[in-house]
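Each of the next two complexes has chain A plus one other chain: chain B in the first, chain C in the second.
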Partner chain A sequence: MNPEEKDLQINPVVPENVIHNTKTIADIRSLTSSIFGIAAGILGLESYSGFIFYLLGSSIVSVLMVIFIAGGKPQNYFRGTSEIWTLEVFSGSSLSSFILTWTLFFGLLRA
Partner chain B sequence: MASKALISLSILLLIHSCYSAHEHSLLTPTTTSLPLDVTIETLVSVVLLCFGIVLSNREELKPISWTVWSGVLEREKGCGQFGYLDERVGFLEIRAKRAEFAKWIKGAGEGSSSQKT
Partner chain C sequence: MATVQAQTILRDPQLFYWILFPITVVMILTGVLRHYVTVLMQSDPKKQELNAISEQRNLLRGVNLRTNHNQIPLSSFIARKNYLVAAYNRGDFLKDPENKGKPPANPMTDPAGMDQMMNMLKGNMAMMVPQTLIMGWINAFFSGFVIMKLPFPLTLRFKSMLQSGVATRDLDVRWVSSLSWYFLNLFGLRSIFTFILGNENSADQMAQQMQQMNPAGGNAMFAPGQDPNKMFLAEAENLEVVGGQHEWVLDGVVDRLLKSRV
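Coming up: the complex of A and B.
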């Protein structure tokens, strides 16, 4: 038995709660990323500056989530310690919804 | 409640800044950049909206460790992971159950044999 399995048997986890937490974080990420897209479109950002804006916004949201939702202890709610920082930032629907609203608002306001 | 007020306020700010940016793009040549007050309004509304969304999801996460989660369940529901062990019947009439089972299995056997013939 490898150490990871042993640790899992000593401290068992609740799979439903892991799924629930991941879903909560994914919901917040997709909501906030479309709002960042709206803001980037209003500000008229182009190419790299838009993606830098998205990265900055995502890290602000991560900090807020760690402080307010996880109460400063993300290891109580997630398997990995970095999950709350990186989850759904580049994978999933968040980045694509950012680009969708970004291009939409840019086109509405500038074109 | 506070988070809902925050979300509504920041959505109003965002809509207003969006409208301002649209008017600005209509009234001025296309190459000029956005006025500073509209930029600041947009950024403030986005930051406030992030606060609102995160605060409205407060107390939403559940602890993943069984040792913590069982304690929470015991406190809030009065029955944890092994609560069913407390609610078993105290006395089981084993002879009656056995007779019932024998009747059932005999009935099932007869049923299947009658189907064969």
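Coming up: the complex of A and C.
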């Protein structure tokens, strides 16, 4: 048996835990994305600057998640250290919440 | 473009209070309604008799043994494997031993499969009907004008879809009609539904609904169109194949523990 398989037997990947972790991240991201959308709309940001604002905001949220929720050790919870930065950033729930609230507040306050 | 902008500014507050918020509120309420209707319409899972359940569970036992065979010592594994392989080949767990060679049950006639298909159909109907109704309502009442400006630009091909009622040539694609607000809401409210209704809510889109079906219909493997005897025999073969290599996980565990503590 090759080393990766053996490693997987010794430290198995439990599906329920993976799902729970991913759901936690998705919840946090969609909530914060709505708030970032409100901020982007109020600031009146247009196309590119709006999306850059969203990416910046997501990275800030990722940093906070690593510090406070993962306790500084994301590799305990996810495969590799880089997964927590990119997981669910472009997924349906967070990006579309951002666009929804961004469009709403941009339209409300543009005048 | 300057003239259109001036026009919209004049009517702004009324537009938003009468159009944007009502559409959003209606969509949230129909989503919640749809969730509860789906929950109420789902028929209870049918009680199966003991030998049907035993058939499914014993097959799962074989699968579990195959996937986790390295976690138990070799002697235990061999004992379990021999028992299961012999039982599968004899057909001990079959629900109807007389049906051994016959073709599998047709999902149309088998009651368990029928039940599940009805549930899926009901779920689909619960999704499609409100969406169609709301789109028709929006087209009837809210067409013929642009309502807001998107913060980001899109290509020209979206123009016909997003500016459905207004037929101008050089209006920027960023000005959209209320139908596009409906689409934005459709995608953006999914996270809000997750917060209000908890996970696995039925107001979500179809893909997540399909996922919800799978654990509930765990007997999907067995009822529609699968021959249990063949599956047992295949599982017995798999177990034989796997029995070839066995590496007990706890083999070098003392060394591993000491190495990790160093």
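The working rule: the second predicted complex is superposed on the first by the 106 of 111 C-alpha atoms of A that agree within 3 Å, B and C clash if a C-alpha of one lies under 4 Å from a C-alpha of the other, contacts with A are read in each partner's own complex, and residues count from 1 in each chain.
Simple rule for what comes next: a contact is a pair of C-beta atoms (placed from the backbone, for glycine too) under 8 Å apart; a residue touches a chain by one contact, two chains touch by 3 or more.
On a predicted model such as this, the values are computed, not experimentally measured, just so you know.
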{"item": "Combined model on chain A where chain B meets chain C, clash or fit", "value": "fit"}
{"item": "First, second, both or neither for A:Lys6, with chain B first and chain C second", "value": "second"}
{"item": "Contacts of A:Leu64 with chain B and chain C, given as first, second, both or neither", "value": "first"}
{"item": "Partner chain in contact with A:Phe51 - chain B first, chain C second, else both or neither", "value": "second"}
{"item": "Chain B versus chain C as contact partner of A:Arg110, first or second or both or neither", "value": "both"}
{"item": "Contacts of A:Arg79 with chain B and chain C, given as first, second, both or neither", "value": "first"}
{"item": "Vertex chain A; arms to chain B and chain C (CA centroids, nearest 10 degrees)", "value": "60"}
{"item": "Overlay on shared chain A, then closest C-alpha pair between chain B and chain C (Å)", "value": "9"}
{"item": "Residues on chain A lying within both footprints (that of chain B and that of chain C)", "value": "27, 31, 108, 110"}
{"item": "Complex contact set, residues of chain A against chain B", "value": "11-14, 17-18, 20-21, 24, 27-28, 31-32, 35-36, 38-39, 42-44, 57, 60-61, 64-65, 68-70, 76-79, 105, 108-110"}
{"item": "Residues on chain B engaged by chain A in the complex (per definition of touch)", "value": "14, 17-18, 21-22, 25, 30, 33-34, 38-39, 42-43, 45-47, 49-51, 53-55, 57-58, 60-69"}
{"item": "Sites on chain C touched by chain A in the complex", "value": "8-9, 12, 16, 20, 70-71, 147-153, 181, 184-185, 187-192, 194-195, 199, 245, 247, 249, 256"}
{"item": "Complex contact set, residues of chain A against chain C", "value": "1, 6, 9-10, 23, 27, 30-31, 33-34, 40-41, 45-47, 50-51, 92-94, 96-97, 99-104, 106-108, 110-111"}
